[in-house]
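Structures follow.
Next come two complexes, and both contain chain A; in the first it sits with chain B, in the second with chain C.
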Partner chain A sequence: MILTLLIPIYQTWHEDNVWQKMVAVSSISSKVSIITLVISVLRDDWMMGVVGVIIITVGNAGLMLLAHLLKKIGENDSTQLIINN
Partner chain B sequence: MINFLTYFCLISGLIFWLWGTPVLFQKRSILYKLHSLSVADTLGSILIVVGLSLKIPSELPLLILAIISLTIWNTMLGYVLAYSANNQEEKSDG
Partner chain C sequence: MDDLYIYLIVALLPLSSLMLMIEVNPYHALVIRGILGAVAVLAYVVLGAADVALTEALMGTMLAVSLYIIAIRSSLVMRLGIIKSLPTQTDDFTTLVTNVKKAINDVYLRLEVVAYDSQEALEKALEEKEIHGICSTYNCADDQNFKYEVTLRIERIYQLLKPNKRRSFSPLNTLAVRAIIFTLDSLVDSIFLIILMP
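Right after this comes the complex of A and B.
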């Protein structure tokens, strides 16, 4: 699981295009939440389980807002170059 | 039997993860990456959580909540990313 988590982390560091970065970061968020759930089952510690479920919801919601923000920013021509470089 | 089912779900979920994530390395369009990632992350993660719920049935409510929120949120995030990214690429090409 950790190995598959490293792939999007490397991609986030390596990629320049902001949307490719966003795709990799969304993959990180859902993988981290599942790893948290697996660890909470193995340790039988259910506070961690709740944290894992909260990460699923809030992590994806935050990324959704960020995507909308980037879209609005990208619509201004002046910032278009920044987004696409 | 339960043990076999548990490990079958966990391993098949992990296989989905391993199948869909390396696509990030390829020089592909965002929609292609989003498709394979949504299969890997959403479907693979749900299989893993189903395996976990078979392992410890006492915490079924929490794990069902995890499955529901995974299904809803991952799908919506994939749609929003596809919509936003696609809009940008059309504008920068146009």
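Right after this comes the complex of A and C.
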């Protein structure tokens, strides 16, 4: 699982497109939460399990927010004309 | 040897932070900051600090990224002032804007064209540092075609816009460049002029 975590990290390093990087982030985020849940079951520790679940939800929310802001910036990239009165 | 997976996970932390440090594009760096946050959460969890991991997940991954993207969006911008009556639909203006965008894209700046009502308002905005430069038409007696000149307040932007031998292509190869020194409010400020040649 840790080795599969290296694949999206390498992909992020290699890739120049920001959207590919976002996809890699979501991949890493879900893998991290799954690893956390597995470790929490192995150690029989509920606290870690709760952290794992929170990473999944917050990771998804943050990713959506970041994607939305990046999309907005992409739209504004075609030169913005501001009328100043 | 039971702890090998802990060492492996912790080793990912310097790896991702190194990736974040060598990234030059601010937007890409933000995305990698998300990766660093996720890896840090995993490292904190396997080391037994669930509360630290929770804080990193909430603050580091979500709040810091959203705040920094707003900061980058509002600061990394070059504002170019024009008069409302300036003909912006001509090919020359499109070429000028495209070339300026290409040149400032090297340092990840965006271009914003701001339209003002009068010449006075435009010059006041330049003096009060609301805008970084003015684009205006250049009077050429023998030709009916519009020619544009860009007056810049900041020397660094002039260095970016002027034809550069280091680059394989010169983004403003259609532009001739001359520099004029102005005095603004008893401060000696450099104002640079770039003139679009026919």
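The rule is short, and it goes like this: the second predicted complex is superposed on the first by the 77 of 85 C-alpha atoms of A that agree within 3 Å, B and C clash if a C-alpha of one lies under 4 Å from a C-alpha of the other, contacts with A are read in each partner's own complex, and residues count from 1 in each chain.
In this text, a contact is a pair of C-beta atoms (placed from the backbone, for glycine too) under 8 Å apart; a residue touches a chain by one contact, two chains touch by 3 or more.
Computed from a predicted model, the values in this text were never measured in an experiment.
Q: Which holds for A:22: it touches chain B only (first), chain C only (second), both, or neither?
A: Both partners, chain B and chain C.
Q: Under the stated touch criterion, which partner chain does A:71 make contact with: chain B (first), chain C (second), both, or neither?
A: first
Q: Tell me the contact category for A:53 with respect to chain B and chain C: first, second, both or neither.
A: The first partner, chain B, only.
Q: For A:13, using the defined touch cut-off, is the partner it touches chain B, chain C, both, or neither? Pick first, second, both or neither.
A: So A:13 only meets chain C here.
Q: Taking the stated contact definition, name every residue in chain A that is touched by chain B in one complex and by chain C in the other, in rising order.
A: Shared contact residues on chain A (touching chain B in one complex, chain C in the other): 8, 22, 24, 50, 52, 61, 63, 70, 80, 83-84.
Q: Name, in rising order, each residue of chain A that touches chain B in their complex.
A: 1, 4, 7-8, 11, 19-20, 22-24, 26-27, 30-31, 33-34, 37-38, 41, 44, 46, 49-50, 52-53, 56-57, 60-61, 63-64, 67-68, 70-71, 74-75, 80, 83-84
Q: Applying the document's contact rule, which stretches of chain B touch chain A when the two form their complex?
A: 14, 17-18, 21-22, 24-25, 30, 33-34, 37, 40-42, 45, 48-49, 52, 55-56, 59, 62-63, 65-66, 69-70, 73-74, 76-78, 80-81, 84-85, 87-89, 91-92
Q: Sort out for me which residues of chain C touch chain A in the complex.
A: Contacts found on chain C: 5, 8-9, 12, 15-16, 19, 27-28, 30-32, 34-35, 38-39, 41-42, 45-46, 50, 53-54, 57-58, 61-62, 65-66, 69-70, 73, 84, 88, 97, 101, 110-117, 121, 125.
Q: Within the complex, which stretch of chain A touches chain C?
A: Of all residues in chain A, those touching chain C are 2, 5-6, 8-9, 12-13, 18, 21-22, 24-25, 28-29, 32, 35-36, 39-40, 45, 47-48, 50-52, 54-55, 58-59, 61-63, 65-66, 69-70, 73, 76-77, 79-85.
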